[in-house]
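Structures given as C-alpha cells follow.
What follows is chain A paired twice: with chain B in the first complex and chain C in the second.
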Partner chain A sequence: MARRWLGAASPFLVVATLLLAWDGATRFGLADPRYLSRPWVVAALIWEWTRSGYILPHVAATFVEVGLGYVCGTVAGMAVAFLFFFRPRLAELCDPLVVLLNAAPRAILAPFAVLMFGIDLASKVMLVTLVVFTITLLSLSAGLKEVDRTIVDNARVMGAGTSDLTRHVYLPAALVWVVSAMRISIGQAFTAAIVCELLGATKGLGWIVAAGQSAVKPDWIMAGLFFAAVIVVLIDVAILAPLERRGSHWRVF
Partner chain B sequence: MSDTLIALRDVARRYPAQGGRPTFTAVQDITLDIAEGSFVAVVGPSGCGKSTLLNMIAGLDAPSEGRITVAREIVAGRLRDDVGYLFQKDALLPWKTVQANVELPLVFRRMPGDHGRIAREWLARVGLAGFEGNFPHQLSGGMRKRVALAATFVYGPRILLMDEPFSALDVQTRNMMENELLDLWQQNNKTVVFVTHDLEEAIALADHVVVLTANPGRVKKQFRVTLDRPRNVNDIRFDDRFRDLHAEIWEALREEVARSYALQRQLVHG
Partner chain C sequence: MAGVLTRVAIERLAVVLGLLLLWQGLPLVGWADPFFISSPSLVGQRVWEWIADGELPGHVLVTGTEALAGLVIGAVLGAGFGLLCGLWATAQRALLPLMTVGNALPRLAFAPLLIAWFGFGMSSKIALAASVVFFFIFFGVYSGMRAGNQMLIANARVMGGRGLALLWHVHLPQAFLWIIAGLRLSVGYAFAAAVIGEYLGADRGLGYLIVYGKEMLDMTQVFAGLAVVILIVGCLDVGLRRVARAGWRWRGGEMRL
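For the complex of A and B:
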C-alpha cells in the first residue's frame, strides 16, 4: 500500500526535489540567481502571464506554426513512404538523401529556413514540416515492410489491385505507425519551431526565450520553456496517446 | 466432369544461391493432372514444398521450370480471378469486422448485388450468424477459419486451394469443419487442392491423395480413394477400406517423413 502511494507520488517528489535543489542552490550561493532565476519568481511570472493573457498570442503563434508543419509533414511523409514502397527503384535512388536527412542535425537548417523564408510563419512551418516529414517517412517505411505477407497475398488472391491494397490493407496497417511517428515527432516539431523563432521572430514562445536571453531575464526563458513543455505533454496525453490506443485496439499479440 | 482443370508439367521451383548457400530446389519434376470437380489432397513431410506448389498454382509465385495451366491458360505469376486460397496462417484483416472481411472480395471484384446481404448469408451458412460485428481477434481460431471460408466461398471461385487450413484447430472443431467443407464442396462443385501433413485427414476428405517426397519435393506416388460419398469424417476412420488405404499410403509416406527428419538433423548438426 505504502509502496503504491510512493509509486504514484514519485514523479511529483522528483519535481519537488529538483525545485528545492534549484531554490537551495540560488539561496546558498551555489548558483547565481541573476542567471538561473528562482522557482517562485518563475512561478509568479507564469501566473502573471496566464492571468493577464499576455502569453496567449505567443502560445497561439507557436501552436499554429507547429500545427501547420505537423499536418504538412505527416501528409508528405505518408505520401512519399507509399511512393517509395510501391516504387522500390526510386526508393533505392533516394536512399542516400533519406539517410542524410535523418542523420543531419536538422536544427542547423534553421538559419537557412529563416534566410530563405523570412522571419514570419513560413520559415517555421518549413522546418517543422521537414522534421515531421523525416520521422514519418522513416517510421512508415519500416512499418509498411512489416505488413503481414499472408494478409497481402490473401487480399491479392481475393482480387485486390494496388489501390485496393493501399486503401484496405496498407493504410489501416500504416495508421499505427503514423500515430507512433506523430508521438515521436511532436516534441521535435516544437523544438524546430522554437529554434526557428529564436533566430528570428516577432512573436512565439521562442521569441519569449530569445527576449529573455538578450535582456538577461532567466525567468522569461524558464517560463517560456515551461509553456512549451506543458503544451507538448498536454497534446500527447489528451490527443496522441488515446489515438494510439484506439488505432491499435485490434492489435492483440 | 473429369476434364483436366489444373495441369502441372515438369514444374520446378528453385531459389537462387544467396550468401554462401547454394541454389535451393524446393520442388522439381512435378507433373500432375487435377480433374475439374475433384478433391485432391497433397501430403508430404513439412518443408517438402507443399505451400510452394499451392502458391505457384495460385499465381502468387512462378515456376522456375516447367509449366502450369489452369483451364488451358498458362499461369506464370499472374493471379486468376477464379481461384480461392485458404492460407495456413490467419489472413483476415484484423482492423475490419467479420462482416466487412467477408464483403471485401466482393468489393475488390466490383461484384454487383447487395454485398451486405450476400456476406450475411455466407456467414450464416458457416454458422456465424450474430457475429457480423465482431473483430477477428474476438473470435476463436475455429471461428476465424469459418470467416475465412465464408470470405473465400462468397465470390464463388471455381478452384479452392487450401494450405493445412485446419492444422491449428482442436480435434473436435477440426472434424466439424472437415464435414462442413465436404458439404460445401459437394453443393458448389468446386475443384479442391488440399494440402496437409495429416494422412488421415487427406484420406477422409479426398478422391486422390498425392504423396510428395522429402526435399526436393517430387511426386512419389498417387492414390485413388474410392470411399463412398457423402462421407462423415468421424465415422469413416473406422471403415476397413479406410484402414487398408491408410496402411498402403503410409508405407509410401513413412520413408519420406524419416528422410525429412534425417535431413533436418543434418542441417542442425552440420
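For the complex of A and C:
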C-alpha cells in the first residue's frame, strides 16, 4: 500500500526536487537570480496575475487567435482532403506543394506572417490556420484511404451516390481523423500563435513573454510560459484525449 | 512504369513553375504589391548575392551547428531516459507522467526562457533544439521497447538473456525503427528550434538573416532566408527517408512513409 502511494506520488516528488534544486541554486550563488528568477517569485507573480485578472485579456487574445485559426484550418484542410480524395489527379499534381508545406515546422514562418499581415490578429490567425490546415490535410488524406472498401462497395450496391457516400460513410470516418489531427496540432497551433506574438504583438501570452524578455524580467517570461503550458496541457488532457478515446469507439469503418 | 513516373514528374514541375510564374507576374499586372510579395527572381538574386559575397556559408554553418549539436545532445539524453523508463518500472512511474506533460508543452515557444538562461550565443539555441529533440527520441525509444514483441523478450529471458545482452540483441533491434522515425521527425524540428531561437536573439545564423529582413521590412530577405532553411531541411528529410527505408529492408519489413 505504502509502495503504491509512493509510486503515485513519485512524479510530484521529482518536480518538488527540481524546484528545490532551482531555489537552492539561486540561494547559494550557483545561478544568478537576475536571469533565473526564483520559484516563489514566479509563483507569487502567477498568483498575482490570476487574482487581479491581469492575465485574462492576454489569455483571451491568444485563445481567439488559436480558435479562429483552428476553425479555418480544419474546414480548409477537410475541404482540400476531400477534393484530393475524389480527384486523385489533382492530388498527384499538388504533391510537391504538400511536401513543401510539410518540410519544416510551420512556426518558422512567423516573421513572414508578421511582415505580411501585420502585428494584429490576422498574422496569428493565418499562421495557426496554415499549421492546422497542413496537419488536417495530411492526417485526413491518410485516413480516407483506410476507409473499408467493403462498406463503400456495399453502399454503392445499395444505390449510394458520391454525395450519399460522403455524408454517411466518409464524413463520419473523417471526424475520427480530424479529432486525432486536432490532438497533434493543438500544441503546434499554440506554438505558432505564441511565436508570432513574440515577434510582433500588442497583447497575448507571447507578448507578455516578449515584454519580459526585453525588460530582462525572467519571472515574467516564466509566468507567461506557465499559463501557456497549463492551457495547452489542460486542453490536451481534459478535452482532446477523452474525445479521441470516444472517437476510437466510434471507429466502426 | 518509368514513362508514367517521368510524365507525372514533368506535370508536377509544370505546376510548380506555373505558380512561380504567377508569383512573378502578379505585380506586373498590378494585382499585388512587390513590396509585400517580393518575387522569385528577386529572391533568387538575393540568395545568389549571399553565395557570391561568401556570407551564406557562415550563417548556414552557425544554424547547422546549433541544430546538429542540439540533435545529438537531445537524442543521447532522450535515448538514455527512454531506456531507463523502458527497463526500470520505478523510473517509469516517476518520469512518464512528467514526460507526457513535457511532450504536450509548446516547447518552441520557450525560446525566450532559454535565451534568458543561456544568453544570446549558440548555447541557448542548442538547448532549445535539444529540449525539442529529447521528447521525440524519448518516446521513440520508450514506445519501441513497449511495442516490442513481449513473447520474444520472455523467450530470450528464459534462455538466460539478461542485462546488456538482452538490451543489445532484443530491445534495441525492436526499438530501432521507432528511433529512426523519431530521428527523422527531429531533424526538421532541430533546425526550426535553432532558427526560432535566432529570431529571438542572435547576431548570426539563418534565423538572424530572416528576422533582420523582417525588421528592415524587406520581404525578399525573409523569403530568401526561409527558402534556404526549407531547402536544407527538405534535403535532409529526403536523405533520412532513404536511410529509414534501408533500415526497414534490413529488418525485413515494409514501410509506408
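Just so we're on the same page, the second predicted complex is superposed on the first by the 246 of 253 C-alpha atoms of A that agree within 3 Å, B and C clash if a C-alpha of one lies under 4 Å from a C-alpha of the other, contacts with A are read in each partner's own complex, and residues count from 1 in each chain.
Note that in this section a residue touches a chain if its C-beta (ideal position, glycine included) is under 8 Å from a C-beta of that chain, and two chains touch if they have at least 3 such contacts.
Remember, it's a predicted structure, so these values are computed and weren't measured experimentally.
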Which superposed partner A:228 touches (first chain B, second chain C, both, neither): second
First (chain B), second (chain C), both or neither touched by A:128: neither
First, second, both or neither for A:61, with chain B first and chain C second: neither
Touching partner for A:160 - first (chain B), second (chain C), both, neither: first
Which superposed partner A:168 touches (first chain B, second chain C, both, neither): first
Chain B versus chain C as contact partner of A:144, first or second or both or neither: neither
More chain A residues in contact - chain B or chain C: C
Shared chain A contacts, counted only where both chain B and chain C touch the same residue: none
Footprint of chain B on chain A - complex, ascending: 148, 150-151, 153-161, 164, 168-169, 172-173, 249-252
Parts of chain A lying in touch with chain C, wherever the complex brings them together: 7-8, 10-11, 13-15, 35-36, 92-97, 99-100, 103-105, 107-112, 114-116, 187-188, 190-191, 194-195, 198-199, 206, 209-210, 212-213, 216, 218, 221-222, 225, 228-229, 232-233, 236-237
List of chain C residues in touch with chain A within their complex: 8, 11-12, 15-16, 19, 36, 90, 93-98, 101, 104-113, 115-117, 188-189, 191-192, 195-196, 199-201, 207, 210-211, 213-214, 217, 219, 222-223, 226, 229-230, 233-234, 237
List of chain B residues in touch with chain A within their complex: 55, 58, 60, 79, 81, 83-85, 87, 89-96, 104-105, 107-109, 135-137, 151-152, 155
